[in-house]
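Lettered A, B, C and D in written order, each chain numbered from 1.
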Amino acid sequence: MARVVVDVMLKPEILDPQGQAVQRALPRLGFDGIVDVRQGKRFEIELDGPANDAALARAREIAEKLLANTVIEQYEVRFDGAVDSATAAPAAATSTSAERTAG
Amino acid sequence: MSARIGVVTFPGSQDDQDALRAVALVGAEPVALWHRDADLRQVDAVILPGGFSYGDYLRAGAIARFSPVMEAVIAGAREGLPVLGICNGFQVLCESHLLPGALIRNGGLLFINRDERLRVESTATAWTADYSVGQEIVIPIKNGEGRFTADEHTLDELEAEGRVIARYLDNPNGSARDIAGIANAAGNVVGLMPHPEHAVEELTGPYPGPATDGLPFFTSILKQLVAA
Amino acid sequence: MTTQPAQSAPQHYTVDTVENAAATPEVEQPYGALGVKPDEYDRIREILGRRPTSSELAMYSVMWSEHCSYKSSKVHLKQFGEKAPEVDFLLVGPGENAGVVDVGGDLAVTFKIESHNHPSYVEPYQGAATGVGGIVRDILTMGARPIAVMDPLRFGAADAADTHRVLPGVVRGIGGYGNSLGLPNIGGEVVFDPCYAGNPLVNALAVGVMKKSEIKLAQAHGPGNKVVLFGARTGGDGIGGASVLASATFDDGRPSKRPSVQVGDPFMEKVLIECCLEIFAEDLVVGIQDLGAAGLSCATTELAAAGMVSAGVGGMDVQLDLAPLRDATLVPEEILMSESQERMMAVVTPANVERFFALCEKWDVTATVIGTVTDTGRLRMTWHGETIVDVDPRTLAHQGPVYHRPYHRPDWQDGLQAAVPDSLSRPKTGEELRETVLRLLASPNLADKRWVVEQYDHRVRGNTVLAHGEDSGMLRLDEESNLGIALSTDGNGRYTKLDPYAGAQLALAEAYRNVAATGARPLAVTDCLNFGSPEDPEVMWQFAEATRGLADACQVLGTPVTGGNVSFYNQTNNQAIHPTPIVGVLGVIDDVTRRTRLAFEAEGDILLLLGDTRDEFGGSEWAHVVHGHLGGLPPKVDLERERLLAEVLIAGSRDGMLSAAHDLSDGGLIQAIVESALRGGHGARIVLPDELDPFVALFSESAGRAVVAVPRSEELRFTDMCRFRGLPVARIGVVDGDAVEVQGQFSIPLEELRRAHTGTFPALFG
Amino acid sequence: MARVVVDVMLKPEILDPQGQAVQRALPRLGFDGIVDVRQGKRFEIELDGPANDAALARAREIAEKLLANTVIEQYEVRFDGAVDSATAAPAAATSTSAERTAG
């Protein structure tokens, strides 16, 4: 079983009203010194088969075709390091690959 | 002959019955199309209606774009088949790359249902010929992701080619250049966030009105098809 | 076919079989933690002649809960039947998923209101969303196409921090779910009062339409017929209580957490609706039931029990392990209690099963045959071949406990009623009256609710004739004949606190008046009774009085209660909310093009005040906003007057005499006039009757009143009709100009009124 | 400047209609063998000051208070490894800390 994470974020040049709303709310909640907030989507996908390059390529295809609208979004695909539990090991530790595309 | 105008129902479509009603009101023959059927049943034009296809959880229109019916619609549109995407339908057209740009979350983040004043900018499309350029009309919007966005180059191109078909007079959601609707270069494919099918009857249209400013979208296409 | 294979049983789980239960009478069961009282537990043992299995105990605990069995309210709700007026239009009365009313032609309308108060406090978005989802499934279950929703809401103080957490989420949830179902939201209420802090009220009403011949009932009959579970998979939603059973019956190795909050999937519900309607259209079901509170326990027992009652024989065998699961570790007790949303259960003849499944496949809806109707008189369930439930379903569904809870009039009631508002300082000068108008207009309860209702789609389906901002929502049912219906919901917690009997009647009177004001004839009632704890005798007294008041008033007005819902335990730290019965009235109108709007549309129209104005400020909006005062008695109830007023409003609409009509309620005459003026964009010149004190004339909340605008040419005909029928009518002014002017007192430009009215919500929540 | 990523996902026991809609669509697009899809949110936050434990603690507080609805969601906070460019280094490489809370 391969667990892949796909992060989809609006391209930097696209306005992000959700991120901006968060940023505007923060000072009111007493959080200062927040320079920028961007909000995107995170997908956790479980695929049949081994966690190899082929799995990653499949996930990338899914991201390209469906999960991201590459007119406005960019995505990043990588293996999920964090294991299946609520108390997690550092996500970084077992990540083996990551890439980002500007779509 | 009467024109056959198809309205696609995706799972999660909501305003399909309303589009069918508007088609019938102007005297065209309404034809219900199903998302799983690649067969367009010999319609002369297609409307992609409003709603929340597949729940619109991922992005509005993202999943609907891949349905069998859309393969036929995309192929037809490239051959000149008139297609009108209303709200969710506009989103589907952008996701299908039949129209440029994208529709993102409204500036205020909220769903907005409101009667909007629009200015018609182009009558050189299959769906707007019955208006006059500069005409001010009232059509309701109802969406949460209706803010049109595209890169500057695309926007300039849309303007230069006269493909902005309507603009908001009181931009409700931060749409780029107040754009409410656009057309493809050939003018057969039109996408519009406001809902003309909800401005076709005195009884149910915008109040205090004018209530029926949406009708010309449907009479335009009917005249073109009957003339053809 | 989307049937899925049975899952394998989770490891470590020890099945408590019927056989085992019979053999181990001494096993201690955690019934107390499930809310089952010792005497109730004893009765279960007596019914079964043994101890219940843990699955049976799970079922009894939910079916005999207050929520499902109405054990505290039953003896009072009975009056709705006993005092029900004789009518010929009631096709299905209380007891089914929703009442059904004959509206003429071959059409029937079903409608019902329900609460989702506590879940909406815990998780406002999902709580409200699933509240809408639940009531819509009730309507669908009757065989009807759901066609609209409404949402009466109550929140704590508008400026309280928690209200800013709860309200935006609730509104987004109602919109998010309702809009995604393609259901227009045609009305509702937003009312603030500190008493609802910690106990917001989220009531949702749904209405549906069907052919009279297509009414469906929740009954399982015909031995050999198949029991089909379809829609969403079953997850661990809303089974907090089941954990005690779980811990008693198995050890480790499974997720310890069960969701306390149900998440709705409106897309699933939308396809479920369309799928069911196609199934109904082909007449493929014998009986159908939605899965709401108590989930599978409720659906199986109610179907089986109703089938036995109506057909004389019946019963059901269920293979519980066939239920498709979202979480494979769920055990039977949890599956039985799960409140996962967007599920339905149907009884289908074997001949129709294939077609039924084909339609499910068309809509991508998961469907599974999980059981069979029998003639054993028993509801039996197995889990991987072992029998875990064997009961008479009627003992679960119909023979739950009935409580005659003690109640008494609170000691403080006299004091409250004695604290009349007469000594509160009243505005006297024109300038003071002007300020009071603007202050009330901008107060949260009276302010414009556009910020809320713009988040709701009220147009979808294209039949919305009237919606927010009008006295009632109105829908066209038939495009040919223009037959339509109107609906309004109302309820005033302050009035009901001052006098529960009168308060409930005033709620009905207001909704009734609102429906009539649009030109529709009020027909029938649904109610949601929101109260504190029934274990508090004072709350129970409020409940007893309110139900008695409502039942009596329905009898007088000829509008039977067709169904409703009771929500108890709305209290925090022993502080109960104001008793808040919300009443929904359904009316019918033969020709929706004759509807009356409330907007002043034509300059020169004559303004007439209908009804009597008295010095009545107990529980008024003025006393609340200006003085923070609650005391005295609510406005006097005169149901005969309400009926007369309604007749006049309906006749005026039918005969084309009215340009506008607006009922008078919170905020009194001036609030109504300002609303009508703002909506139509025309001002008014008002000349108050000499015999009335200006403050009383403008702000009193006397019931049984409306203001109408009539063209000059119709004035005589209309006033003659009023006099002939004995309804007091007074000419109070004319539609005119860009201001609301009260002669000799003040004049306020429409723009200034509009700013005051529309500024409040964006400032609070924008 | 500290760049922190906050991942917010529905708790595993909570129904995820968004992920399910994606999962159901995938076979129709020709992607088989997808066992599960969960959809959540990803926030990229830029904070004033150094990328130290204090920054992470602040981000965690923001997540707890505003970004996650801890009734139904859990979140994970960590430094963003990927630098601000479209051609990315593996996200894992520079991550220094991650934690997940069940809220």
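The definition used in the following text is that contacts are C-beta pairs under 8 Å (C-beta built on N, C-alpha and C of every residue); 3 or more make two chains touch, one makes a residue touch a chain.
Computed from a prediction, not measured in an experiment: that's the story for all the values here.
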| item | value |
| --- | --- |
| Between B-D and C-D, the pair with more C-beta contacts | C-D |
| Chain A-chain C separation of Cα centroids, rounded to whole Å | 41 |
| Distance from the mean Cα position of chain D to that of chain B, given in whole angstrom | 35 |
| Rounded Å distance between chain A and chain B, as computed from the means of their C-alpha atoms | 32 |
| Residues within chain C bordering two or more other chains | 265-268, 364 |
| Sites on chain D at which at least two other chains make contact | 11-12, 17, 21-22, 25, 29, 39, 102 |
| Residues of chain B whose C-beta touches two or more other chains | 54-55, 57-58, 63, 66, 108 |
| Interchain pairs in contact, sorted by label | A-B, A-D, B-C, B-D, C-D |
| Residue ranges of chain D in contact with chain C within the complex | 10-17, 20-21, 24, 69, 71-72, 102 |
| Complex contacts: residues of chain C adjacent to chain B | 172, 175-176, 179-182, 265-268, 270-271, 274, 363-364, 453-465, 476, 479, 592-593, 597, 599, 601, 680-681, 766 |
| Touching residues on chain B, where the partner in the complex is chain C | 11-15, 17-18, 21, 50-52, 54-57, 108, 110-114, 140, 142, 195, 197-198, 201, 203-204, 207-208 |
| Complex contact set, residues of chain B against chain A | 58-59, 62-63, 66, 94-95, 100-102, 104-109, 147, 149-151, 174 |
| Chain B residues touching chain D - in the complex, by the definition given at the top | 54-55, 57-58, 63, 66-67 |
